[in-house]
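Heads up, the next two complexes both have chain A, just with different partners, chain B and then chain C.
Up next, the complex of A and B:
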């Protein structure tokens, strides 16, 4: 069974880029969210195997969304994909429950490697 | 080290990283050509340096919060913006077609990556956190874009501009990173780096 993925990013272009990379590698993108609130709602609705999470977003940021999702499902597998790669932010995301942290823009291989590691 | 030397060096590190990354996004089509040039200029001269108040430009701006506060922008001539969006989205067409929702979001992402890469480099050197806000985009005459950039900025009278030139598919692309730390905030950076005695 191919693994399912929920993509979270506030820019349409980044969602499209991620979707292309992820689908080309045998995953199914079941949903897209443009902010943290939408990510939490869609996670609960779709229960994907994996989530990609941006940090800087309107309404609810990625760190808060990770905490919310982990509160509902401690087994959620979330990978951060953010341009903001400063150490305290990486640590905060990992402490909140993220499995990996990719700094944008990332190459396709790194994205797939992170997805495989998070959900073997 | 002079402040400008430092900013230029930081430009090398931050923009080097950003352009490498952008090249990856463009499947190797983007090549950095020119070493970034940093200047501190009064507002009027800054606008002229970037290309004149009547020129159409694309400006992406972000507010910075955290240990150091201020504003940053990435401003590029409309032709450069167009080339980058065409390369990224693999589409051609009129300005209206190119700068649709997808094109605009590609531009926002380019600005986001350029600005945040610079901040990441600065943060790694100083151990200060600088978090950018969601990017805002304006495509307009440079004068109007400058007004948007400066509207929220608490600056004295000068702006710092780091110019960076690329070439992609044989087309020259120019971009300018504009740094507007709030008054006094530069001192925090200099303090963290031990530059005050120079």
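Up next, the complex of A and C:
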């Protein structure tokens, strides 16, 4: 059965690019969230196999959202998406339970590798 | 990938490495078989390569890779550091500097294929990528110390397996340090990481290329370790080896003692704690932090403001009798003074920064001029203000060039004069009160007074019928604009900059420069600079009702005169002071205000100022006294005003303009 993915990013452009890559590779994007609050709500509602999580977002940032999701589901598989120069944040996200990280600008192969390794 | 924000740190660190490469090469030239130097150079090149690669500076990374390959051959003994090899390496370091600066500026990268080829010819076999390291080299890479061995031994006693994992990241991996972190994170779920190569801190700061090795203690099998690492993204290759301690040499007594100490601190020997020990030990070596100079300046500026407020508070408190309030004010006074000193010390850096480039420079100059030169450096730990360090370099370079080019005689002349064939150039610094004294000295021919006289006549600086001139006059002539002693313009110091330029730089730093010389014996140039420019002693005077501050080093004396002491020479007011005729001006008038209109019999306050040997007297309305002031710029809106060097807030809150003595006297 194909794995389900929730995409979180505050820019529609990034969500679109990610969705495009992910769906081309046999995953199903079941939902999109534009901020941390929405991501937590949609996670609880959709229970996707995988989540991509941007760090810098309005309302609730990605790290808080990761912590929140992990609190509800310690087995959640979250991949944090960062920009170069956000090293401390990425480490914090990994400590909070993120399984892997991606650095923008995204490379399609890297995105798929991360998804595949996070949920074999 | 946007790495621009790391560029400054990269530049600073890369320059440090470049400097250390230069220093090491000089040491290597004298001690070609010293493996410590070679190891250090190898590491420097290797780190530079890693940093350049991280920043995406391909040219720089490739070039440092070539250098690294040569150093690797040298340190393994496959190549010997002959003069020829060292010369190639010197050129390579120069090229590297050009490449680095071009890369930092983003300017076009110069052609460097030739030197790259020469480096390659030294490493006749093609350089092997480090990822294909054989098992045999593994232990050497790790350099297990007794502490590591003991840790492994204890682990094995507890039934744990010890593995070395060699991990290669995929080329172009982003945020490599975080990727390493995920490897650490994953492995710590199944065991304990005892050691890493490069050390954890280097990994954290991305001072590695793509490969790193880890020493792991775990209950799991080698296969599991392999799978765990392979389950992480962006890993190119993983090799896991089992570690066998059988061939371990018996620890010597010293190592055993050191290990015992550690044992006391961590008696349980439990894995996770041991990891923390190793990391902690590495960190404790960090005695320094890099701070943006801007932040430092801000702190110092704020302390300056605080000092002023303190003075205000103290002034208000002067008439207070309440002892409690008084002692509180005293405490404030003390702490602020200490804070001020502490803050000022942050601005201080050792002059070593400047001196460090001299050995290399002297070597090259000596070669170019075919003279044998010994360079002696002393007092390189002497500290001075950071802003001065940046400016003092060029004048010193010029003086050293002069010494080698004009000072030290050719070999045959030296032999004829009964001097050692090698000339000596000494550069040094020391503190003297609130000043730093920097001296450049050579044991060469000294000043040729007769030659200077002839040259000065030729340049029209002296009348042609002038008789003998004194040594001091000759020295003064040297500092005249447009005077250069070089009878032949060589490629070394024929730069069109004379001693007058050196002098004006020194004076712009509120310093003085003097020459002491003995013909055929020595020439010594002594530069005296204030330790800091941020706080100066100033004489406060009043002109047209406003207070002005005059830097104290420009003030020669102050006196009271009566009107009848003012004489007129060629329609200019002058006063005669100890047989010296000094032009007399009204300070207010000089500044464009109404001149003082004194009563006939009233005495006048006059200050005598001197800059560049020129003296002049100024009438002021009143003298207030001396005070330490913190110099502030006038700000961008006003910009530069002729005759005004800045402003200072005085103890009473009033603002005083600081007069620029050098322009006032013109």
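To be clear about the criterion, the second predicted complex is superposed on the first by the 118 of 120 C-alpha atoms of A that agree within 3 Å, B and C clash if a C-alpha of one lies under 4 Å from a C-alpha of the other, contacts with A are read in each partner's own complex, and residues count from 1 in each chain.
The working rule: a residue touches a chain if its C-beta (ideal position, glycine included) is under 8 Å from a C-beta of that chain, and two chains touch if they have at least 3 such contacts.
Quantities reported herein were computed from a predicted structural model and do not represent experimental measurements.
Applying the stated contact rule after C-alpha superposition, one finds that A:114 touches chain C and leaves chain B untouched.
By the touch criterion defined above, A:11 lies against chain B but remains apart from chain C after alignment on the C-alpha atoms of chain A. When the two structures are aligned on the shared chain, A:74 is found in touch with neither chain B nor chain C. Applying the stated contact rule after C-alpha superposition, one finds that A:58 touches chain B and leaves chain C untouched.
When both complexes are overlaid on chain A, the residue A:94 reaches chain C alone and has no touch with chain B. Residues common to the contacts of chain A with chain B and with chain C across the two structures: 83-85, 87, 103, 105. Residues 1-3, 5-6, 174-175, 177-178, 181-182, 185, 231-234 of chain C touch chain A in their complex. If you check the complex, the residues on chain A that touch chain B are 10-14, 16-17, 56-58, 83-89, 103-107.
Listing the residues of chain B that touch chain A in their complex gives 21-22, 24-25, 88-89, 101-102, 105-106, 108-109, 112-113, 116-117, 119-120, 123-124, 127, 129-134.
Remark: chain A residues 82-85, 87, 90-91, 94-95, 100-101, 103, 105, 110, 113-114, 117, 120 touch chain C in the complex.
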